[in-house]
Amino acid sequence: MPGESSTPVRLPAGHVETHTGQQQGRATPGRSVEAGLDALDTASVARPRRRPWHVLVHSVLPPVVFLAALVGVWQLVHAAGLKPSYALPSPTDVATTFWETVTDGRAAEAIWTSVSRGGVGFALSLVIGTLLGLAMWASTWLRAAIGPIVSGLQSLPSVAWVPAAIIWFQLTDAAIYTVVLLGAVPSIANGLLTGFKQVPPLFDRVGRVLGLGGLGRIRLVLLPAALPGYLGGLRQGWAFAWRSLMAAELITYSPSLGQGLGQLLNIGRELSQMSLVITSITLILLVGVAIELLVFAPLERGVLRRRGLTVDR
Amino acid sequence: MSTVTASTSSGAGGLRSVGAEAGPSVRVQGVCQSFDRMGPPVLDGVDLTVAPGEFLCLLGASGCGKSTLLNLLAGLAEPTAGTVDVAADRPSLMFQEPALLPWLTAGGNVELALKPRGMRRAQRREESARLLRLVNLEGQSGKRPHELSGGMRQRVALARALAQDSPVLLMDEPFAALDAITRDVLHEELVRVWSTQRLTVVFVTHNVREAVRLAQRVVLMSSRPGRIVREWAVELSQPRAIESPGVGALATEITTELHREISRHAR
Amino acid sequence: GSDDDTAAASTDGGVADEVRLGYFANVTHAAALIGVEQGYFADELGDGTTLSTQVFNAGPDEVEALFAGALDAAYIGPSPTINAYGQSNGDAIRIIAGAASGGAQLVVREGIDSPDDLRGTTLASPQLGNTQDVALRTWLTEQGLENSVEGGGDVTIAPTPNSDIPNLFQSGELDGAWVPEPYASALVLDAGGTVLVNEKDLWPDGQFVTTHLIVRTEFLEQYPETVDALLRAHVESVEFATDDPEGAKAAVNAALGEAGGRELAGPVLDRAWSELTVTYDPIATALARSAENGVAAGTTEEEVDLEGIYDLRPLNAVLSDQGLDPVTSEGLGEE
Amino acid sequence: MPGESSTPVRLPAGHVETHTGQQQGRATPGRSVEAGLDALDTASVARPRRRPWHVLVHSVLPPVVFLAALVGVWQLVHAAGLKPSYALPSPTDVATTFWETVTDGRAAEAIWTSVSRGGVGFALSLVIGTLLGLAMWASTWLRAAIGPIVSGLQSLPSVAWVPAAIIWFQLTDAAIYTVVLLGAVPSIANGLLTGFKQVPPLFDRVGRVLGLGGLGRIRLVLLPAALPGYLGGLRQGWAFAWRSLMAAELITYSPSLGQGLGQLLNIGRELSQMSLVITSITLILLVGVAIELLVFAPLERGVLRRRGLTVDR
Amino acid sequence: MSTVTASTSSGAGGLRSVGAEAGPSVRVQGVCQSFDRMGPPVLDGVDLTVAPGEFLCLLGASGCGKSTLLNLLAGLAEPTAGTVDVAADRPSLMFQEPALLPWLTAGGNVELALKPRGMRRAQRREESARLLRLVNLEGQSGKRPHELSGGMRQRVALARALAQDSPVLLMDEPFAALDAITRDVLHEELVRVWSTQRLTVVFVTHNVREAVRLAQRVVLMSSRPGRIVREWAVELSQPRAIESPGVGALATEITTELHREISRHAR
């Protein structure tokens, strides 16, 4: 009864679609429109480890090209004389100021002051925001009572808190942290709640079936399930914390508090020294990019990869 | 890659026009697939050819690589080595899980498959209602996936796969969650659609009787690594009853072989 | 606001279609407030020129707007003026008149009666490196009290926005503050402070500049007639302020309300007014000395060359038309 | 062969767990700890339509109680004289100022000015942010080039943009919108990207199997799948937009531009008039709460309910 | 509600100590369930009693309400009317879909079920390895759900359900995605575990032979509305072979009845 009925037959060219292991079809012209999208799709297939030049071409080159283009445009605009150079200094002016700020140690001091404040403030916000989020999740009453207010707080500008914080905590670090907390806590709590809301109910039911209590379900099921969304909330929370910190630093200056990036920016503005303003903005941006690249991007990549969500696209 | 449009030289001729005499519908040559560099490959040198209009059933132990092979046929992954040729612009694939989009209703899920076919709205609605009727889900088209039972979801997925109207139909345990009666009805429908539209079907199942009930050819895969180890041509005439003695006899033979194959590798 | 950088040139070249004037809703900008409130600017500019006003909260914002060409003329304090002049290498702006003088005091809490009592205290100034900040540092150094920008020394100086000072002073966080009007008056009248130093006493004739009227250099060159009109209105405001203090105070209060602020309480306004002099004299000697002091106090890195900062020719022309004495730039610019 | 073997047997009390349709077991004491969590769990079971008093007790009462408590504490602190009343005015003082501000039309004017600006700015940010997010998703190159910078931009304080915005757009609404856009666009683009990254790869594969092209997949599969996460991004984007607007409004006031809430707040600060400060904060908060309750909460509820994610908890 | 601990009066006695003589393990009385007020109820007056230590199989057309009933038994939902009594603190439920937590490995998923039992870490690891060996997944414990095949996931879910060690075991089509051979092995294991630990099992399946192979009693549900319509006591001795004539004969009888039942309602 058994019989091999599979006689290989020649395939007519052009009538079949071919997928080969060598991925040579990838470079075919005419596919380039979709290539960007498609190149991202084949997750979870073993691929050769990225070689150094590959990393260079795909990770280092693009931002460098982009920045070079940006500086080029800036130089062109400057050269065209659209704006007087005291309004828009040339890239070289800014580079000089930047270099001075770095070499005389002000940059390092300002970054250290701000980052350490930001770190402490964010760590506090993380704890408080997470606890608040959990409490709001656990108690419908609490959610109804303060849910909209917490969301509303997110949209209160940090400057609004500065007078209150100064009155209560004077010109101390406590005042600065208050402003940072009020900026970041609602965002983190809301991020956690949003993450929780998107957890498929099946997971919660699994937890209940397995006999986990309310707290066990939160710890072992809900929190890990909401992790990707929660991470998004943390990233935004950091942004809020950092911006609130800058706002607080702009307003409160005291020799005893040390000089942060916000104060550096403010000095630039006070002295109408555009190159210092641009230098401070660049420093603030650099810190933001560094935090993103060193903290959030790897965290997110790890979480997504672990649960088989496409990372490679 | 799924949207590759004939990467080989002469781009003439509609892909749908591949006739029986034109060559195989599916050709897999020396395909290997591994997911991590350390372990043994999941597929190792799979060769398989399916003629146009053929109904092929794929059997094998759980975890032997059947779904992996279907993914390769559907163009959802690239093989680590070897070539996969499919004579269809876009083979239609029914996933092992229902894979419905949760924000669309049952009808919406089916209609989504009709969109790339360029149908108008009203036509889509009509066609999706017809297909849902076909899978015995009349009047359920407004329900969302989370409001459907497991078997109902699977049937929506079946309707969606049929909606694509592709000449090559890949099905991964499509009737696993259905009761015997509903399944019988759908067996009949599937055989009818297959023979009237001259589809090429690759059908994965664990139900040996079901395989014999439906297929022209039954292929057995070994596991770790996945290879094609045995084939049976089913020469019974359609329609066959799943409980008929002819089906039973071949099913018993195949089961014995499956048993031997699995005991050789699995444990 | 206006959409173009430089107010579109009208036919005869000397008159702008629009003049954009910036000022603060603050009693030290009384000349501007009165001029707008009483309609002097509108009248002098006539039908050919529209006046659009912008109310700012801080000098740096105002300078940014000037640099960007978004503002043509502005009432502003001396330190942002010096910075703007220095940063643009003398290109961007010119001082064409003074607007106010005096009205800054060191107000301290009770119990501090002499400079020696200040040892170990924390004093506020409105802003690092601004006029009051420099004055405070200079005075402290003269009294033999050490202080520095980095902190440490006998007295700590905490630059704090004016608006936050009364609260901090009342809560005991600050022991004193060197502030301009009306904050000095508010500290004295509302917060129970006492005046330890009146800045007037430190300057020759008790005159030192608090507010200027400046214009963009380009605007000055392009629209001399419009600048003349502005100055005429400015002088009118000053005259009104000196001739009719009660009327002026009422006008200022009304203008404060209109500019989005809140009117000042009567006693505070009265006291502030008496400390302050509304004047068109730019008091050039004081500006020069203030710049020198800045370097000495360590708030400015290098001294700004003020040569050419003034262009008082139009003002002097207006003054002589009205039979008033001309003012001098002390060699720092055209007269 | 068939036979009914199910003879009903008496159940010993206390040895069985009973679930009844009347839910009478719910009020049993000793369960109250878990009740808060459990009461939220039974989604997708038909329940009687909420009666008005139910809405009152569960939605209106909690925030009212919370606010009353807040005002009570405030009054107590005020009465205790911890802070002088110029630093912490009494609730009645603030109520008076609030009432004045409302009756003399300044509140309505400020709210209208700010909300209309915020609305326009947010709408623009929505379009630009979404397009940017899509572009970054589609092109790996672009993502590598500007991804970290976009994330870094999120953490740049709005004030940093003010000089640049003024230089390019003078003191017009355009300058204000620029600041708002720079605040909100990165957040929206990042929210979209985060949402995309969390889409189960299965959905994308479904789209590919169904023969949808790159754009079709984005429009019909990826965007709807990412909708819950994207909504979270929008909410944060709004918060950024609104806060940036407040910062931008602090720069200048011009009769032609109108007086927004940010300016009202600043006037309070400038005049050291705490009751006006608190009034402005309250107004800003009210707007935030209103936007949350009228826009985002219903949107989110609709999206979650449609896909069977638990809303009732 | 899943955490309700005896809401009736005297709270004495451990729940696990319910002996055969103590009363039924599961009692469902007049249970109705509807999801929307408009349509017909899904369950309408279901009465069912399961004795301690009984193995009951539930059959019924796709979409008739079997999973809904299991959910009620597991305490995951409240019936619209009627009462559900289960003599277990926490019955263990194997969902129709594998329902593995994607961030945990196979082993982690099993260990999660061991946590509420108060096991120590090392003990948990050991027990989960034993259970995974039981379901023929030795050495796969480090894989994450997305790296497992459909049948492997279902087996992990089975191991997790067994890990709970509850006296009442509810299973919703647990072997649907398994090949015949693996399933046979697991049938044997399940019967062994059931008889040694005197479990009460409610087992939903679409495979009538499987039902007869395993159950002491087979219950047939009608659909729209779901009601219990027929019961069969299976008096064959264990172990039974799934392909034995005795199983075949009863299976044919039940299939006929199922057919009649479905044709009465479904279409």
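The chains carry the letters A, B, C, D and E, assigned in the order they are written, with residues numbered from 1 in each.
As a convention for this text, a residue touches a chain if its C-beta (ideal position, glycine included) is under 8 Å from a C-beta of that chain, and two chains touch if they have at least 3 such contacts.
This structure is a prediction, so every number in the text was calculated from the model and none was measured.
Asks: Compared with chain B, which chain's mean CA position is the farthest off?
Replies: Chain centre farthest from chain B's centre: C.
Asks: Applying the contact rule given earlier, which two chains have the most C-beta pairs between them?
Replies: Ranked by contacting C-beta pairs, first place goes to A-D.
Asks: Which integer distance in Å separates the CA centroid of chain A from that of chain D?
Replies: 19
Asks: Return the distance between the CA-based centres of chain D and chain E, expressed in whole Å.
Replies: Distance between chain centres, rounded to whole Å: 43 Å.
Asks: Hey, what residues on chain B touch two or more of the other chains?
Replies: Those would be 2-3, 35, 75, 89, 97, 147.
Asks: Hey, what residues on chain A touch two or more of the other chains?
Replies: Within chain A, the residues that touch at least two other chains are 34, 38, 41, 44, 83, 87, 163, 167, 208, 213-214, 269, 274, 308.
Asks: Scan chain C for residues touching two or more other chains and write them down.
Replies: Residues 64, 67-69, 161, 163-164, 167, 171 of chain C each touch two or more of the other chains.
Asks: Using the touch definition up top, name the residues of chain A that touch chain C in the complex.
Replies: 83-84, 86-87, 162-163, 166-167, 170-171, 251-256, 267, 269-274
Asks: Which of the residues in chain E come into contact with chain B in the complex?
Replies: Touch residues, chain E against chain B: 35, 59-63, 66-67, 96-97, 136, 147-152, 155, 172-173, 176-183, 206-208, 243, 252, 255, 258-259, 262-263, 266-267.
Asks: In the complex formed with chain A, which residues of chain D make contact?
Replies: 33-34, 36-41, 43-44, 58-59, 61-63, 65-66, 83, 87-88, 137-142, 144-146, 148-149, 151-160, 163, 167, 187, 190-191, 194, 197-201, 204, 208, 213-214, 217-218, 228-229, 232-233, 235-236, 238-240, 242-243, 246-247, 250, 262, 265, 269, 274, 277, 280-281, 284-289, 291-293, 296-297, 300, 304, 308-311, 313
Asks: Can you list the chain E residues touching chain A in their complex?
Replies: Where chain E meets chain A, its residues are 2-3, 74-76, 89-90, 92-93, 95, 97, 99, 101-104, 112-113, 115-117, 144-147, 160, 164, 166.
Asks: Going by the contact rule at the top, pick out the chain D residues touching chain B in the complex.
Replies: Touch residues, chain D against chain B: 44, 202-203, 205-206, 208-214, 216, 220-221, 224-225, 227, 303, 306-308.
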